[in-house]
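After this come two complexes, each holding chain A, first together with chain B and then together with chain C.
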Partner chain A sequence: MSAAELGYDAVVIGAGTAGLTAACRLAEEGARVCVLAKGIGCTHLAAGTVDVLGYLPEAAAEPAPRQRPTGGPTAALVREPAAALPRLLAALPEHPYARTGRAALEEALAWLARTVLAGPLPGYRYLGGLERNRLLPTALGGLRPSALIPETFAAGDASALRRVAIVGSPALRDFHPRLCAENLRRTGVQARPLSVPLEFDRADASTLTLARRLDDRAFRARLCAELTPLLRDEEQVALPAALGLRDPHAVWSDLERRLGRAVFEIPTLPPSVPGMRLFEILSSALRRAGGRLALGAEVIGAQRRGARVHSVSVRAAGHERRYAAEVFVLASGGLASGAIELDSRWRASERVLGLALEGLPSAGERRFSPDYFGEHPFARVGVALGPQLWAREVENVLVAGAALPGALPWREGSGEGIALASGYRAAQLAIEAAGLARPARSPAGAVL
Partner chain B sequence: MRGAVGAEGEDQLVSATADSPHDALRVGGGPLDELLRGSLDHCVKCTICETACPVAAVTPLFPGPKYVGPQAERFRVAREPVAEWSVDYCSGCGICSTVCPQGVKIAELNARARARLKRQRGVPLRDRIITRPTLLGRLGTPLAPLANAALASRPLRILAEKTLGVHRDAPLPRFAGWRFSRWARARGGTLSPARTGARRQIVYFHGCGTEYYEPWEGRRMVELLEHLGFEVLVPPQDCCGLPLQSSGLFPDARRAVLRLARSLAGPGGLAAAGEQTLIVGNATSCTLMLKREALEILGLAGNPELELVSQRTYDICELLLELHHRGELRTDLQPLEETVAYHAPCQQQGHGIGKPALELLALIPGLEVRELSARCCGIAGTYGLKAEKHQIALDAGRELFEQVERSGATSVACDSDTCRWQITRATGRPAHHPIDYLYRAWGLERSVARNGP
Partner chain C sequence: MVGLECDLLVIGGGATGAGVAWDAALRGLEVVLVDRHDLASGTSGRFHGLLHSGARYAVKDPRAARECISENRVLRRVAADCIEDTGGLFVTTPWDDPAYADRLLEGCRQTGVDCEELAVGRALRQEPLLHPRIARALAVPDASIDVWKLVGALCRGAQQRGARVLPYHAVVAISRDGEEVRGARLRDARSGEELEVRARVTVNAAGAWAGQVAELAGIDSVRVLPGRGIMIAMAHRLVNTVVNRCKPPADGDIIVPIRTVSVIGTTDEHTEDPDDQRVPEQEVDALLDDGERLVPNLREARALRVWTGVRPLFEDAKAAATPTRDVTRAHALLEHSERDGVGGLITITGGKLTTFRLMAEETVDAACRALGEARPCTTATEPLPGSEEQHSYRLSERLGRKEGGLRERQVVCECELVSREQLEQQLARGGVASLDDLRRRLRLGMGPCQGGFCIYRATGILHEQGGITAAEADAALLEFLDERWKGSWPILYGDQLRQARLDEWIFQGVLDVAHLPA
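Up next is the complex of A and B:
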């Protein structure tokens, strides 16, 4: 037998938010889809919220007070993404949101909220949309504008937050209530740190350890017994984002009931517990729809036939394995994941399919800013595109997520929004172009 | 150098790298080991491996793959005693490497660290015994009724726990009392191509689980492959060395896997068959050992026979799915009106091929398949047999067992024998290899399958 080859309607490369969203949508429309991923993606590292547009870059901002709490010099805080998006697109017509279109963004947000409800975490919900950003406290006590958020974050919205106790424990090295509270006070919230003695059976407890313990009702009861006498009247409670992995809605509701007040989560250093929940939700939706997911399956190249990618090669154990498809969705991430690389000779390359890049500063132009949070021209690099989300160089590759050019996600506060909208839109385009929609297949069986 | 690794074992290898401050990573020497070592520097401490580790989730004795792997590795220096012993609690399931987005060889690094720890602290007698399934199989098979009675005897199991450290409740397999290879030989090898209409040949790697404990699985494999038009070659074979490797007995593991590779590649195997002939196995952790683990963990890259065997080896479900995608798999499957829960073992996930069994089971009309999302059953080969780790293994598998209970399935499909034994022990549900369902749906089931040749 010759080189192994499997055939699907669509192959998605990458298992982050963009890749899983594209794959879910394709599978839900009846396409035979397989996700190939080197490993688990960005979900476990991000906060689990969908930040659509938190700051307008200088070019798009009207003369307005500069409000970025973390000290970035040039971006203006966005309170209403729906109103700010047209300004962004007018100033940056090549921005990924211009390519996905606003309708796809809105549909994608609604789709995710529905998918969360249908998922394996009973009662767990996402709240919000494009109308307004919520300003959520970060672990450092900054405020992060976010559009669609887990219910367990909602009470933290600084526009409504008055008095809050930021609760941590000496046993948790990744969350420092005093640092968080002191910074938060600068934004006008009456925050104070609280420390409770938590007992873990290990010295290196992370928020993941806490999340697993909080799944246990008896542990919650002990925590609340410690906490209750320390709380003041009309004071809300913030905890590191660790309110349960298996049943976060029940954990969060139980804490609110026991403490008799609003409780919310503040995201911490990785691993991100809300991000792990999001991965569970999306990968479970993919299984329900009959899609396939192969982890530990790094794509190392492609076979082209004329202007089309015929198949991609995976470094599987023992031998190379090829996956052929009508359409490929490249959702492999950008600079952070290593899918786009800048080598020591200043050559930039796309490492997965070897596609051409765009947005590269030309020779002699400045690539980086000396300011860490400044506007680094190089950061706008991405896969060179033709119309919409189609890669320019080949006919049947769509690009989604951080591999797209033209955005500065961490300055704009737009990473997850771009991932979600482009993953969603890529699936639509794939279905339209390749006629992949089929009568809904009977799923491979219920998923547990 | 690496081709010469073998009988003399570790001393020779360590002295060969005495100038390196990191000999723990250089037991094999050479570029591949540099690759493993280099993968350490790709670790960005993202903690994704920690979220997936089934052992760290249930016991503080194992602080997690990132901690004992990419972090502690930097403190393991040549000729200095190992002060950090928690790596012994790594089960070797390999999930950490499978989920790592940076390609760090976490499980492989940890396997090597464990081997070094064993060298330093000594290997318990128990580990020297339970890691030799071939020896146990040869001793136990002729005495099967007696041996099985002994394994089922509570007082003897308690004694074995106290003297050897094999947990009294651990899911030890029963000796079948007959050997697959004897059946294959008695049958006159394979059926002639004329009779089966075989269009191509394939080499069958059955491993020791099939040889001594579930020989009927081997019989099914042969009959199923013949049904699909293969002429099946069965070269003589013993254990692949995986249990030895995961207990840190590297020199013995190297000998075992190289002997196996010679046989599979030799005159009874690949050498007797046409070019591009494949090797197929039904023991998914053992096929992974041949494909990758022996090369990377035991530092055997460059050995020509093992490299050849690595490239040619397929897991049975991987092979069948590929045939299906080429339109070469018979689809005249009879309905099976039942519900089955499918669990993909950690080692199967290590192949990087997704879950081919799911697509195959979906071909069977009437069969309701419930995919279990829990990652691990806990047993990890021989890990859960060990008295001090038995409870950890049960705790690690609890989520899976609960999913099985809730699934409404009457049986569990799973690609690995030790995982099947663990699942059955913990849930009471019978567990079968995914091909067993195909075998039945193709109408190949015969009443004698379990009772002997």
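Up next is the complex of A and C:
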């Protein structure tokens, strides 16, 4: 029995930031696009901010950073990503940003900000850009640099933060205001913890549980009534990143209005509420532009014709379905998603299309350093590339996001920036190469 | 300098030392137990968890086999709560000589170890992941024993009878008064304060480190050769019965199901340094290959953690001069008054966890002789705290106990079902210096996610309840991540590598632990 085959201009594999960005851009340019994804991507894990470049690795930093007393790696904090990028690329010419180019990065950031504003969450905005990093409090009370951030995070920027009450509840196990506040004080912010009694229907409530409750106006009124008498003059309010899922702008503005002061969110353990908002925004933009998103559609094989990938196979509802396309964008993630795998005999493979990898430690070399914060040779592995974002061994596959070699996303604070820029750039390259641009269809005709 | 006085100072907080403390406290002696680190953080906490039936020794070492089966029966009564009655199997894989099973049956018969041959089909129904071509299967009363729970119960029992238990107190000097040992000077590893303990008898129960402790007393003839072995904990229970290869004991021939994991053991390499915790990559490879002979495709399962333990193998430099009356081949009891002319000091080393109670009994007998007092041992009949009901641990009861309170009890560590309440109780009890101590006491962070989710929560609770500063809490968090990494990097492959990347995402991405306030 031959498998049913569907034809698209472009098939994007993976529904994280990179895949959704590529798919949206392709669909917006009029290409017929389908996203195939095993499941939801990185958005639900990450903080929901777009970190473009937070730290320069030792090799690129100047002057040389001091060794941290806490045992962390030596890296220099980046205050101005625009200024630091050339230094990063001079030190690491194979870095993904060298392949996307700076223009695509800048356009992608602006595109995301527009897409968020035009999205399904009324009034919700992202702020910032390449000019400067905001330093945002973490749930541990450290400061994390980020370039493009939800408006609901903005008041936390340490450059403007003076006095703040960190609000949590014993009912929330994923946020610890005392530790957060005490560490923040060590960075010079006058922070103090506040604990409010919250009741949920189960003891293991997450920030998602709280976000769903905060969507309810009456719940917000009760919370503010509890909080108001506890607050001091000119004190801002920080809450775990849970200020609403369906209408965060309204939830956040309502809290600011009721409390009469700035309120902001601090991201913590997954599931990430801001990340879920971003997923909703991007997947909705894709639908509006006429693209299709198939979750639960794991690619189990690929059919090649010569040096091209002709189609990929997906097992769905008990039968195999093939998706043929002119161009494929592989945005399936790296080691964390399982798209790049290392087996117990130390053989590494790309699981989706079976592409060659680069950046592998040579035989006999260590894969990981015995030092947690050390340089792990295996960490920079990715799909072997030809020019730009094209995969080396096939003609019509572009690579985006964590499947790219050469980056250390968490070390550099660059994961979402790379995902966004490479997804954006991959769409541009696909359109140029395959002549996919068509007159954009009206949203009304785009419902699939 | 603060001073303490006691009848018995016990150096070494492993199973042997804690066993000595419990035994002596039951006999009414005043006891102080000290360890340079946490309790059960040396060899005791770094083994695979096997409670021997004796079958492993039945062919080669009948005396050890008899000791094991006898202690196995005793411990099932007095330490029931620490033991899971998994039973054990010796299986003949395609790489083993089928005739060895007959020798093992005969050895067990002669040493009194219960041993029964099972039909292969029945063994495979009991353990479906075993190699399908096993030729023979013998059932023995092996079991698994939770050593942290055991040492915890021994110490708690001793404390209830007046003993002082001092973890994180290193011996910096042994006090000698001419030819008599009079106790030791300790240093609190956390505060740096020193403490003088005067004791009528000092017991050196430092296991693989016993030679170093004896040297502090000026005795350089205690030679302990540490035998280094690695073990790998695989996620989940690949087997629910202890499974041994039916052949003479060697590397990589046993899988012990304990709590939520299965431990493959072990290798055996000599080392000079008991603190040698290296995990050579080729040993990992060899151990996984060996494991696959028992459970095919074991390499496809998740390996959670690898660690090194050191066996204290005693080599008596004075063998010819010392009567071996009290010294079995399995362990060594050295009464230094007779052996070296130094009174007030007894060394107990060698041996194996299964016989720790017997070792403790012989040691405290010797101490009573030295004190000139007749105090009979009661550890073979007195149940440990928590084991009064003689109800052995069952994995299946864990979820049932937690499920009832799910609405009320906040679970901090989902993998091991550790509640906030348990964490707070443990902190209130004191003696907890690190997140790793909590791990040993509660199994916090020992499951498949290796602390990815629970460690931020636990750090917050430790900071709130443990009376420490944020800087200390940060340091505890980083120390835990470092410790965890030591046990995971050599086995990072497959889904566990994915897990490690997800954990990095949380710690280095969302929480940015690499850049905490300085």
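Definition applied: the second predicted complex is superposed on the first by the 434 of 448 C-alpha atoms of A that agree within 3 Å, B and C clash if a C-alpha of one lies under 4 Å from a C-alpha of the other, contacts with A are read in each partner's own complex, and residues count from 1 in each chain.
Definition applied: contacts are C-beta pairs under 8 Å (C-beta built on N, C-alpha and C of every residue); 3 or more make two chains touch, one makes a residue touch a chain.
Keep in mind the model is a prediction, meaning the values are calculated, not measured.
Of the two partner chains placed around the shared chain by superposition, chain B is the only one that A:297 touches, whereas chain C remains out of contact.
In the superposed model, A:41 lies in contact with chain B only, and not with chain C.
Once the two complexes are overlaid on the shared chain, A:5 sits against chain B while remaining clear of chain C.
In the superposition on chain A, contact of A:337 is made with both chain B and chain C. When both complexes are overlaid on chain A, the residue A:315 reaches chain B alone and has no touch with chain C.
Within the superposed three-chain model, A:270 lies in touch with chain B and with chain C [touch as defined at top]. Comparing chain B with chain C, the partner in contact with more residues of chain A is C.
Once the two complexes are laid over each other on the shared chain, residue contacts for A:202 go to chain B and to chain C alike. When the two structures are aligned on the shared chain, A:284 is found in touch with chain B, with no touch to chain C. Overlap of the chain B and chain C interfaces on chain A: residues 45, 201-202, 204, 270, 337-338. On the side of chain C, the complex with chain A involves touching residues 285, 288, 299-300, 303, 406-412, 414, 420, 453, 456-457, 459-461, 463-464, 469-471, 473-475, 477-478, 481-482, 484-486, 489, 492-495, 497-498, 501-502, 504-506, 508-518. Across the interface of their complex, chain C is touched by residues 42, 45-47, 55, 68-73, 75, 77, 138-144, 171, 173-176, 178-179, 182-187, 201-204, 267-270, 272, 334-338, 341-346, 367-373, 409-411, 413, 415 of chain A. Partner chain B is touched in their complex by these residues of chain A: 1-2, 4-7, 34, 37-41, 44-45, 120, 200-202, 204, 206, 208, 212, 270-271, 276, 280, 283-284, 287, 292-298, 314-319, 321, 337-338, 444-448. Those residues of chain B that touch chain A in the complex are listed here as 46-48, 50-52, 57, 60, 63-64, 67, 97-103, 200, 276, 278, 288, 290-292, 310-313, 318, 321-322, 325-326, 341, 349-355, 358-359, 362, 368-374, 403, 406-407.
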